[in-house]
Every structure is written in structure tokens, then in C-alpha cells.
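What follows is one structure encoded as C-alpha cells, with my remarks underneath.
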Amino acid sequence: MITLASDFPSPYPAAMRGVVCSRSDARIEDVAHDFPRQDVRAAAFWLREVLPYFPPATHCVVVDPGVGTDRSALVVEAGDHHIVAPDNGVAVPVARELASGDDFDVWEIEYDDAATASTTFHGRDVFAPAAADVHDEGGPAALDRCSRTDDWVDLTFPEPDMVAKGARGEVLVVDGFGNVITNVPGGPVEGCEGIRVDDELIPVRDAYAARDPGDRLVTVGSHGNVELAVNRGRGDEAFGLSVGDSVLLEW
Amino acid sequence: MITLASDFPSPYPAAMRGVVCSRSDARIEDVAHDFPRQDVRAAAFWLREVLPYFPPATHCVVVDPGVGTDRSALVVEAGDHHIVAPDNGVAVPVARELASGDDFDVWEIEYDDAATASTTFHGRDVFAPAAADVHDEGGPAALDRCSRTDDWVDLTFPEPDMVAKGARGEVLVVDGFGNVITNVPGGPVEGCEGIRVDDELIPVRDAYAARDPGDRLVTVGSHGNVELAVNRGRGDEAFGLSVGDSVLLEW
Amino acid sequence: MITLASDFPSPYPAAMRGVVCSRSDARIEDVAHDFPRQDVRAAAFWLREVLPYFPPATHCVVVDPGVGTDRSALVVEAGDHHIVAPDNGVAVPVARELASGDDFDVWEIEYDDAATASTTFHGRDVFAPAAADVHDEGGPAALDRCSRTDDWVDLTFPEPDMVAKGARGEVLVVDGFGNVITNVPGGPVEGCEGIRVDDELIPVRDAYAARDPGDRLVTVGSHGNVELAVNRGRGDEAFGLSVGDSVLLEW
């Protein structure tokens, strides 16, 4: 199985799909093609949340603001999964998740036909062919154009600052519902009746519907972090928070 | 075949897809993941319009404003189809359509691993695993954790009020083109040259393009109901109508 | 393999998908369902860019402002590909690309059950069944309801006016990133340090990231034409250009 993930507006993902189908009989499943545009950190977060639910697969990931520059193309081998992605860190958090730590391998992949590759669409001309080949050959070790490397861009999410009875966190991503996902682990919040969010007391609830429509809540999201939400509404608007904002949580 | 339908923003549907792929070799086809958010009635309408065109399949449907509350998870067996969905009525109109009446069976499904299921993402943790199991076992009867029930939430669409030479109807849904789909059956309108819509005479036409671009028309949509539209424009804006609005049609 | 492309908002494409699955075991891959609404020329452009990357397939294309009028339904046989589409020109540029010229055949396809087809959703009632049948029978020649025709709507993209050291071009499409794609071939621009765009000197670069975020550039896009862009921004807004606008390029 080959999965496709990108921040590409339609119909660019279809060109990748066509290239994969032309080179491989692998089943294709889409992960997402509407990651926040050129937001490598957000894509890295979502990949870490989603890819581990898939069976072993080759994941072709293209969120690539550096397309056409000299950044490398990588194959990351983590557990039974392969992730083909640009060298900007996007594949690293999910690799750590899949490998339960740093026990993953990184390979640099030479462009198959660099001479003819466009400079603006490596999803089609570099990553899709590489994913098809990695899949069909069973991994980068079987490909002459892959070589192990220890020189790759790392990416880690910012740690929250733990303060007395709380944490100063950061908004990592806002999902399409408007739920505000912070970098603060949910553990200390579970079981609380409510916590202070930037000095306002907000109820902690297991379910969005445990609050009336339009009312705010704190929950521990399906990702395990503290999430600020509104039942049937948008948490980002109600809390006035965007990606990268700082937020003080006190329990 | 397993189909997926939800109101989940990306990449949440991919987590469901991964879970299904991890448990089943079934082919997966998407129905939609952009049903109007948490609008159970709109989703129920669209499912009734779309699922009957599929061959027999297991349909995993998650429009679930009650996630994390004590609402049940159901498997509805209708004709040769199975619909796995929360107990909020979303699966009922399509079940009636597939069964040509009330001859469908409803099963409650115990969570497979309720202890570890998140409280906010049952699409991933409850419904996707259930759909994979229902598919692979050939139906709920083969699953120990399924039991027949007569206690489920019904959902019917509002009936129009028939008035002298007309009907007072309601806007059920607005599609992505802006076409306004009412609950008024198209029969009486077919063959009319025009009808009055809230006191304005509007031509009745078979094809959008039978009117000039920007001009309004009444048509009988592919769903069989009266639809208010604009050729190459948005009917909702031109008629000033939204979901739930009342509209008087006179022929 | 059957691919699906349309300008249909969700869940209409799912009805097409269901119809195809009901008639054929073919693998289905999506091309796009968010082509600019009823913009036949834009769809024709994108199909020409994308479909040639697929292996031989039956492509079901429905961008069809004339649905319900007397326009024909066609099967275009080009190279090893079949394109099932309304007779409005949408399939012609890609057919020329696949056939490397005018060596493609056009067949008119009678509606399978015109008596019951809706007048507003031929994607579901006409084109999806036709695509399934064309695929499963190996082409239109094997279908009684197909007949060769020389009477079809052509579509060509406007040619730029070549002027002294430049060209007056037109904006063909704007992609989802906001990149402005013109009808001016990229050849003369490659190797230039900069060109004048409507009298402003803009750097020519191979990669978006060769400019600072927010800065404008000219590039030769993956489609081979001159493209006006902004690194990590929207070219259409920065250049003030929309589809159909005229633009003067001087090198």
C-alpha cells in the first residue's frame, strides 16, 4: 500500500496518483491533501497522529516549501513503514512514533531523472516515482539510488513550560472543526472539574456534547494533548487563539 | 466493500481509513467527508440519495454530535447493505430506502475496546473497527458484541403542508452549487411552465442551462424534490433561502 | 482503471462512484472534483496536465454546464485512453496531448436509459454508466450504443500575441496556491534574470523559495508555461490577476 499526503490543491495530487499508478500496482490510499499550506510542523503533527493507524505501507509525503532548492529527498525507514519525504523534518516525529524512539534509518534518494524533473513539482517528478520504487522493491536498501545518511533535518515540537500547578503551552495546530490543539499533555488535566485558561475558568469535559451548544470546554483530544473547544462551534474563535499562540493553563 | 462518510475535516478520515485497512482487506470507497458539520438531518438526506447507488456494502457513517455521551453505536441491516453509525437517526432514512420500508434490522454494537477508546473520536476508535468487523464477518449476526435492539432514534424529514394549489415546504439542504433542495415532491411541478415561489413567478425548467446565466429557475432535482436554482449561480443567494427556512410554492 | 473528474460538490461524486462500482469491478481513482465550477476551459487545461500521467484508463469527466440540453455524450479514444465526457470540448486538449495530435477518434454514446435519466445529474445517470461499460467492454467499438462521429465541439486555448521581445498573454487558470498560469510558453523566459510583467520588473526563478516569503517571482511551471507566483503567498492577489485577464510579458 502507498499512501499520499500533501498540501497540494487539486488536481496536483492526481498527477502524483497517476505517476504512482503508472509505476506500481500498489493500492493507493489518501491521507490528506489539505494540510495547512507549507506548514511543515502542522503536517508533521498530523502525520504522527494518523500514519500509525495504517498497516505497514510506503507513505509519500509532500509538504515542501523548499521545492527546487538543494534540500534532499529522503526515505525514512521506521518500524515496518517507509516514509518518502523532503528533508525538512516533516517525517521525523512520525518516524519516532513508529520506531518508538530514535531507532529509525534515513536514506537519501537520488532523483531518478533529475535532468527532466520540474523545479516546482517534485511531488509528481521526484517523490511519487520514489515512493512507487521503494514500495515495489521492498525498501530503500534495494535501490541503487538510495544511500544511508545521518545528515537530515530534525523536527521536534516545542515543549510546554511547566509552571506552578500548570503549564504555559503553545497552540500546535487548529483542526478543521476549530479545535485548538496545544502541546500540553493531557494527563494532569484528566479528572479536573475545570482549569484556568489564560485566567478564565473553563470546565473540563470528556465529550463536546457535555456542554451546551456554543459553550467552551477543555478536553483531552484523541491525540492525548489538551484541546480547547466549543460544543458545535469553533474553539479558535471563542478562545481567540491561532497556531503558534502562547496559552497559560492552570489546574 | 466498505464506504466511509463523515463530517470530519482532514486528516481525521485518514485515521479511520488506516484503522479499516489494518483490520480488513476490504476495498474502501469514500462517500463524503464534508457533510455539513454535525447536521444529522442533512447527512441523513444525502446518505439516502447516494448509498442506494452502491453495490451491497458496509457503510461506515460518522456524523456524531453526541460523541462521548451515552448514545449507542448501531449496525443497521437493510437489504444487502450494512450501515454502521451512531444512534442519532442518521442511518434511518437510507435504511428505509434500501429496505423499501420498515423491514430493516437494528443491532447495537458494544465497543470493542471501550476502555481505551477516546471520548472525542469514535470514528477512529469505535465505528471504523466495527465496520471492518461487520464487513469481514458478513454482518452483525456473526459478532458476539452485536445484539438486536428495537430501541433506536428515528429520523424522518418534515412533510410539506399541502395548501390550495401548492405546498408550504421547508429547505432540507443546500448543495455545494447553492441549489436549494426542498421537502416538496416534484410531481405536481413537472409540466408546469412556472410556479410562484414566495409570491414570485419563477419558470420551471428541466435543465439549468434552459435559463440564461444568472437567471433563476425551479427544477425537479435528481433527488425527485423541488429545487430552486440559478443557472451558473447560487440559488440560495438568489432566493435568500437557507436550511430550515419555510418556502411557499404555488402551482 | 476508471478515473473520475468533475466540478461536483460532495456528495454527488459518490453517486457516480456507486454507479461505477455497481456496474464494474474496475479500480477507481479520483482526478479531482473541485474543478472551477462549470469552467470548461479550466477543466480542459487541468485534464491535459494530469491525465497523461495515468496508465491507460477510462476517464469519466463531467464538467457540464449544458446538462439536460441536447448536447451529446462522447467517448474520445486517444492513444490507449478513453475519455467519457459531454460534448463541450472539455476532453479535446487532453485527447490531442494523448494522441500527439489530431489522431484520436470520437464516438457519440446513446444514453443507456434516457427515459429514466434525470435532466440535472448526467454524471450519475449517463456518464458513470457509460464509463463503466466502455471500460468493461474495452472501448466504444464494442458497444452497440456508440457510433463514430466527426461532429463534436472543439476547444483550443487562446494563443499569446507575440510582440517585440515579449508576448501579450492571457491568464488560463489560477491554481489553488494562487499561482497565475498564463498561456505563454516558458521557453523564452528560461535563463532570463528577470522580465517585465505589465511594466514591472520581476525576477525569474526556478524555485519559489529562491525568493523571500511574500516576494513575487516569474517561473516556468510544471506545465511548461509562464507562471506568476509569490513565495509562500498568492500570486493572483499580488499581481492583481484573474482568469481571463490579459498580461504583457517582456523579456
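In order of appearance the chains are A, B and C, and numbering begins at 1 in each one.
Note that in this section contacts are C-beta pairs under 8 Å (C-beta built on N, C-alpha and C of every residue); 3 or more make two chains touch, one makes a residue touch a chain.
Keep in mind that what you see is a predicted model, and the values were worked out from it rather than measured.
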Touch-based graph of the chains, sorted into line, ring, star, complete or other: complete
Copies chain B and chain C - rotation angle from C-alpha fit, nearest 5 degrees: 120
Interface sides of chain A and chain B: same vs different residues, half threshold: different
Whole-Å gap separating chain A and chain B, where each centre is the average of the chain's CA atoms: 31
Multi-partner residues of chain C (at least 2 other chains): none
Contact set on chain B toward chain A in their complex: 8-12, 14-15, 17-19, 21-22, 28, 37-38, 65-69, 118-121, 124-125
Touching residues (chain side chain B, partner chain C) in the complex: 1, 3, 5, 29-35, 46, 49-55, 175-177, 206-210, 219, 221-222, 227, 232
